[in-house]
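Two complexes, one shared chain (subunit A), two partners (subunit B, subunit C).
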Partner chain A sequence: MKVNQILMSGIAVLAAATMAVAAPGGGTVSGKVTYEGTPAKQKPIDMSKEPSCAKAHATPITTEAVVTGEGNTLENVVVYISAGAPDGATAPAQAVTITQRGCQYVPHLVALQVNQELKVVNEDQTSHNIHPLAKANREWNKSQPPGSPAFTEKFDKEEFIPVKCNIHPWMHSTFAVMKTSHYSVTAGNGGFTLPNLPPGKYTITAWHESYGTQTQDVTITGSETKTISFVFKAKPY
Partner chain B sequence: MGKFFAVVLTIIALVSAVPIVMHTWWMPPDISTHGHAIDEQLTDTMAEAGFSFLAAQLLLALFVWKFSERKDSGPIKSLPGGAKGLVIAALILVGTEMLALGVLGQKAWASVYFTPASPNALQVQAQAGQFAFYFRYPGADGKFGALHPDKIDEGNQNYFGLDPANEVEARDDIVSGELAIPANREVLLLIHAKDVGHSFYVPELRIQQDFVPGLDLSVHFTATKVGRYEIVCTQLCGLGHYNMKAYLNVMSQEDFDKWLKQKASEQ
Partner chain C sequence: MNTKVPSKWVLWLSALAILALPSAAAAQESHIGKLTGHASSGKELYRRFCIGCHGPRGDGQGENAPYVTPQPRNFVAATFKCRSTVTGTLPTDEDLFNAVTRGFNTTNMPSWEPLTPQQRADLVAYIKTFSERWKNEKPGTPIEVPAETAVTVESINHGKELFQKLECWKCHGPEGRGDGPSASTLTDSNDQPIRPYNFSVGTRFKCGTTNQDLYKIFITGVDGTPMPSFADVIKPNEAWDLVHYLRTLQVTRKGPESEFMKAKGGSTKAADKSGK
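Our next item is the complex of A and B:
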């Protein structure tokens, strides 16, 4: 999970760097995503059919449909500006990476911009077949035998795309393809920051793979920091 | 030259019979109560087929030896009984062999497929999907939750499409990636295909059963030996077929109860 967080913060820094060029200064929206209720129990994953992957985990990893932190915080939530953001964000030149490691997608959720390069890496001693179940974008699936080089792909429409591996049914990820450059993915502390927002009215959306979306409207004047929070209702089933 | 070929033919036929007679590449040891009948049937089949094979090869060698250096190109008239007689004899021989195998084999087949499982057999549902097997135990209530294909969510380990939010029966269902069973207790395996055709094959168990989409099939067996055995898919089912396998874990009743309890706590 640490690698996951480092990658995520790396993406956040990159996104912030791009935005700094596009819109210096401005206001900031930041806050926290939490849940109330009892989230579904995450189950251990049986990888016995793929011994090389089973060996990679000292204790079986669990599903990641709901990942929580201390104080009911919610990880892997994409918080982004769904309306009001200045259009015409160009895709960063830097690719984002998804790695297949120990028969698991690392990170569990990849946020990237429309037309930004996605690099797919297989570090395992087994074949994978990554399959984004895209509806708005073109659907594809690609085999990656062990030791084969990474490949890149792009998505040209905004969409939350569920991703599966055609060989290992338990492997699951999401590609959050964003039209805007103003997005943030929550880490273990549930925190998000959307900096460099010019004055204006914005709709902020928080998306979670199990709990769906929530929106809030925020008005930014000058270089203030607005704090908002999202609370998702968690159910055991 | 013809005589040399006849000798080579004879040697090839005899040498290739050796590993079959010696059981060099035989099946792994049987761990089931019905397996001996299957093994007897296999032995009978091999004996009959082997006898026919050797007879045909040796006869061929004899003909090569006898007729390869003929000067006369006309038809051979000195066959015992003539060509027609030989064909009729071969038909009767092969027909009797096939019929005998069928009649004898019916017993082995019937012990698995024509007799129902005992009412207190342990029920386990086996689901095959591209490219993994998953197994489901009914849990404390003894009832399986209904299947809803639209609820299948593999990222959440809901491989069967259960609806625990709305159905109480589904809440205690135990889903596992391995098939754990107690030794010496009959198991009724309910066969369910999620997508395409697959097959459940455990050589040690002497069980091979196809999964057919849309058909609820079942197979029953009793394993007698504790151990871990490979379950492989033997029906070409797509890209990941080579990698589609799971494990059969035969345990003592005590270990099985513990295992089931542990699995139930993980659901």
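Our next item is the complex of A and C:
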């Protein structure tokens, strides 16, 4: 019986959470991103060339091209509305921050809106260069030595921009520049929520840096919550 | 047919559109000093001199491109190495003119000085027709290069400190020999291997020969390569100190900095001692 109670209360909490997001009007699309198959084993990173960063990690960290959670969930997937949402959403005033810490990008992936400010912070005792390899946007490349102030940049076109630090070749990130304000990045549990959707037909796209994109069409009629799931095929190499 | 436009008109309109295309290209101009370059004249020159490597579409995929390292510049992407403007912005017409005139040392791009200045200006105008960016964006504002400071022991030593602090050596090596710990891992934006500049060889830089050119290279960065912009992290006068120190790393080159070093005892170490 106890198990049942816990389950029930769990469902109640979940329901409350979804209601809270759905409340401002419109429907919600939520769900989970998982994988099937065997994902590539992430390689340990050798930071011996950068002792100040090597020291920052008690155990050697690995690459983050595929990050998974319990129950085959997939982290760092950008789920967004690629068609159906009105264009020209104004960028939020608040900046999104990416931090270089221990010669890693934290978070690994940053999603932001077109013309939203991106704040770049270096907390390390070493120089980094931030080099977004943009194609649709302008490609720039800036040095940020230790102790130098954070700087901000904007991107004016939608694009998934691969980012690297040329000094530390293991450092990779993605700036996911979104045209829409309806996007969500999956955390360890693979979950995503796209709230406040007015009635209409939408195309939902899930993007992963190693596994590419998947799309699904969803129709919202009222204030309901539609649950969809994405399953990526993982290759062991 | 719902359309009320007579088919005769459609024909006329499409004829007009075809006529309008070359005139739109002709509207593309370059301005270098008193020279005005015209894309229409540049096109003929391009087809004669440039098309082999840079290709008919300007995408760097010419007939010779597979045999050329580094790859020919892709004018459609419009990312340019040698600029007087901040990183990520378009270069000025003059920057492009200088690049065509100078050529790119250590690459297959020769100097086009044998062409007349007018011809080079025409080429610059034509190169700008390959990317939409030239229609939608203005070139960046050129950075200000203050008057060069005097070459002194203090200046050279401070430049050396900057070289350490900004970790130039991570790629360029502790003595500027292009052998830093990250050097072997570097790739350009096309994922092609690229080497950091080796100062000890003392060859011309890709983006010029003068101290002003050297100043611009590290302040604006070399876009499309691992070399970042240091505009936000070096103060103008400090930048001259770095220029003076970098010149002393070009051990085979004769210049005021190396002459100065010789007079002071020959090496930065000696300069260190005399500075103490």
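Heads up, the rule we're going with is that the second predicted complex is superposed on the first by the 213 of 237 C-alpha atoms of A that agree within 3 Å, B and C clash if a C-alpha of one lies under 4 Å from a C-alpha of the other, contacts with A are read in each partner's own complex, and residues count from 1 in each chain.
By definition in this document, a residue touches a chain if its C-beta (ideal position, glycine included) is under 8 Å from a C-beta of that chain, and two chains touch if they have at least 3 such contacts.
Everything numeric in this text was worked out from a predicted model, so none of it was measured.
Once the complexes are laid over each other on subunit A, subunit B and subunit C cannot both fit and instead clash. Legend: residue contacts after superposition of the two complexes on their common chain; A:Gln94 is shown touching neither subunit B nor subunit C.
In the superposition on chain A, A:Asn72 makes contact with neither subunit B nor subunit C. In the superposition on chain A, contact is made by A:Thr63 with subunit B only, not with subunit C. When the two structures are aligned on the shared chain, A:Phe151 is found in touch with subunit C, with no touch to subunit B. In the superposition on chain A, contact of A:Ser143 is made with both subunit B and subunit C. When the two structures are aligned on the shared chain, A:Leu133 is found in touch with subunit C, with no touch to subunit B.
After overlaying the two complexes on the shared chain, residue contacts for A:Pro169 are found with subunit B and with subunit C alike. In the superposed model, A:Pro44 lies in contact with subunit B only, and not with subunit C. More residues of subunit A lie in contact with B than with the other chain of the pair subunit B and subunit C.
In the superposition on chain A, the residues of subunit A contacted by subunit B and by subunit C overlap at 49, 126-127, 129, 143, 166-169.
Across the complex, subunit C meets subunit A through its residues 77, 79, 87-89, 165-167, 170-171, 181-182, 185-187, 189, 221, 223-233. Only residues 40-41, 43-50, 63-65, 126-127, 129, 143, 162, 164, 166-172, 209-210, 235, 237 of subunit A touch subunit B when the two sit together in their complex. The touching residues of subunit A, counted against subunit C in their complex, run 49, 126-127, 129-131, 133, 135, 138-145, 148, 151, 166-169.
Of all residues in subunit B, those touching subunit A in their complex are 129-133, 153-157, 159, 164-165, 171, 176-178, 239-240, 243-247, 266-267.
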